[in-house]
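By letter and in written order, the chains are A, B, C and D; residue numbering begins at 1 in each of them.
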Amino acid sequence: MRETDLKTLKEMFRRAPFIADLGMELQSLAPGDCVTTLAIEPRHLQQHGFVHAGVLATLADHTAGAAAFMLVSSGSSVLTAEFKLSLLRPARGERLRCQAKVIKPGRRFSFAESEVFCESEGEERLVAKASATMVVVMPGDE
Amino acid sequence: MRETDLKTLKEMFRRAPFIADLGMELQSLAPGDCVTTLAIEPRHLQQHGFVHAGVLATLADHTAGAAAFMLVSSGSSVLTAEFKLSLLRPARGERLRCQAKVIKPGRRFSFAESEVFCESEGEERLVAKASATMVVVMPGDE
Amino acid sequence: MRETDLKTLKEMFRRAPFIADLGMELQSLAPGDCVTTLAIEPRHLQQHGFVHAGVLATLADHTAGAAAFMLVSSGSSVLTAEFKLSLLRPARGERLRCQAKVIKPGRRFSFAESEVFCESEGEERLVAKASATMVVVMPGDE
Amino acid sequence: MRETDLKTLKEMFRRAPFIADLGMELQSLAPGDCVTTLAIEPRHLQQHGFVHAGVLATLADHTAGAAAFMLVSSGSSVLTAEFKLSLLRPARGERLRCQAKVIKPGRRFSFAESEVFCESEGEERLVAKASATMVVVMPGDE
């Protein structure tokens, strides 16, 4: 793993105001893999008491981006071109855990997937799944 | 338009903590149509200074849900089954405006689309577009 | 497994003209799982000599539908509401194999995924991946 | 419009075996826009007598690709990275017409949308809608 980029990535989480504000935390990183968590608070919910799809989307997208970033060459970064999120079950519980992996890295764009699990009373269930297309932005690209 | 449900919908925005916390505002409503806005604040940004994709996803999803809700029979509600968000341009500016419309209503599920525009120095640009499948939840469905 | 429905499903493949015309074959079935194959012919290709994305989409969709069908109650059927297909690599070779599984079955709709592999000179590579929302159509639904 | 590329595109339709075999025809072209049609034949149907989703996906994808191709610089081509297809209504009738437009062109990738209409007894209805991410492949890219 690239030490410098690992630092960059941890910085990316701290320096991304929406991620910091939401309370998302980086748990682990490896080339093409990333795990994040979020302690569910009342402010994350929608009108029926479940975690809002927008919170799940944020976790899915940002974690996938971090997983993809770990595979690009030094100096490059990644941007999401698009993602699709399927909402498998209502998310109610104490904690979300998102696990992302790159299913096909590429020089110009990468495909990644994220699974979001919700932990409730010690049990984890898959609540959402996303697939994303990440564009590699090389130095010099605007 | 169903007066009771219009009230319900305005309530839905106020009572959805994540929507209220984010600062999303309901601007207008009609059967199958909804417009919302968000005044962009530093806490909505990602590490490069653009609005985070998760914020755009939240607007796109919630506004589409409200547009779909306006077309279901009284007592029913809607849940997002899935949505796809395409990120057309980086979003940088003062305000987001999201315009959602139902492109095919149905008794059991509806298809909706959302366009998210970013206003910067008086000019608006389309920054993201979403397509969503919304499930109609009838009274008695769990 | 429901014997009657297994017969129904094999019939579905024979009686679906586009599937029969394309040359798609049912290999195996289990509740929530389905495997199909296609012997690649020149007529399946696009202008660069790769299998056309439309062929991959057909396999991904139809195989996912069969997997979902195996989990609905007798007399019900399934319809695709939407699917997304990611094209990971150009598909060039002798044979396609598609493996679909239901990742979340439901009474009213199910989520399924399909992976399409391309076999070339004895080696198989993942060339496309799809995620689909399948609607359960019960007897009496129009 | 680039005359040479217009010829190239017409050639692309003739030289794409799956497109020719399916019976898809190029109707009109402009930068970022493309219209195609397909005379529905029994071999295009699924088991319930509707046009198979795979046929709709092929039209949606190929027409979007042609629309995107019209905007790239000479010598470059386009490849589909991913597309999502929403199936709004069962397609039954005499003819399909697909209208694609690029909603955001780019130097490295473009976003396009396709609408598929089905004509039955002189009336046209929107039966499917797709959104696609198209990658621009420049000379020298592998």
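Methods note: a residue touches a chain if its C-beta (ideal position, glycine included) is under 8 Å from a C-beta of that chain, and two chains touch if they have at least 3 such contacts.
Treat the numbers as computed from the prediction; the structure is a model and nothing was measured.
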* Select, from A-B and B-D, the pair of chains that is joined by more C-beta pairs in contact. => A-B
* Can you name the chain that lies farthest from chain A, using the mean of each chain's Cα atoms as its centre? -> D
* Which whole number of Å gives the spacing of the CA centres of chain B and chain C? -> 32
* Structure fact -> Whole-Å distance, C-alpha centre of chain A to that of chain B, is 21
* Could you please state the distance in Å, as a whole number, between where the Cα atoms of chain B are centred and where those of chain D are centred? => 29
* Residue numbers of chain A (touch at least two other chains) -> 81-82, 84, 86, 111, 131, 133
* Would you tell me which residues of chain D are touching chain C in their complex? => 11-12, 15-19, 21-22, 42-47, 52-55, 57-59, 61-62, 79-87, 90
* Structure fact -> chain C residues touching chain B in their complex are 81-82, 84, 108-109, 111, 131, 133, 135, 141
* In their complex, what parts of chain D are in touch with chain B? -> 84, 86, 88-89, 103-104, 111, 126, 129, 131, 133
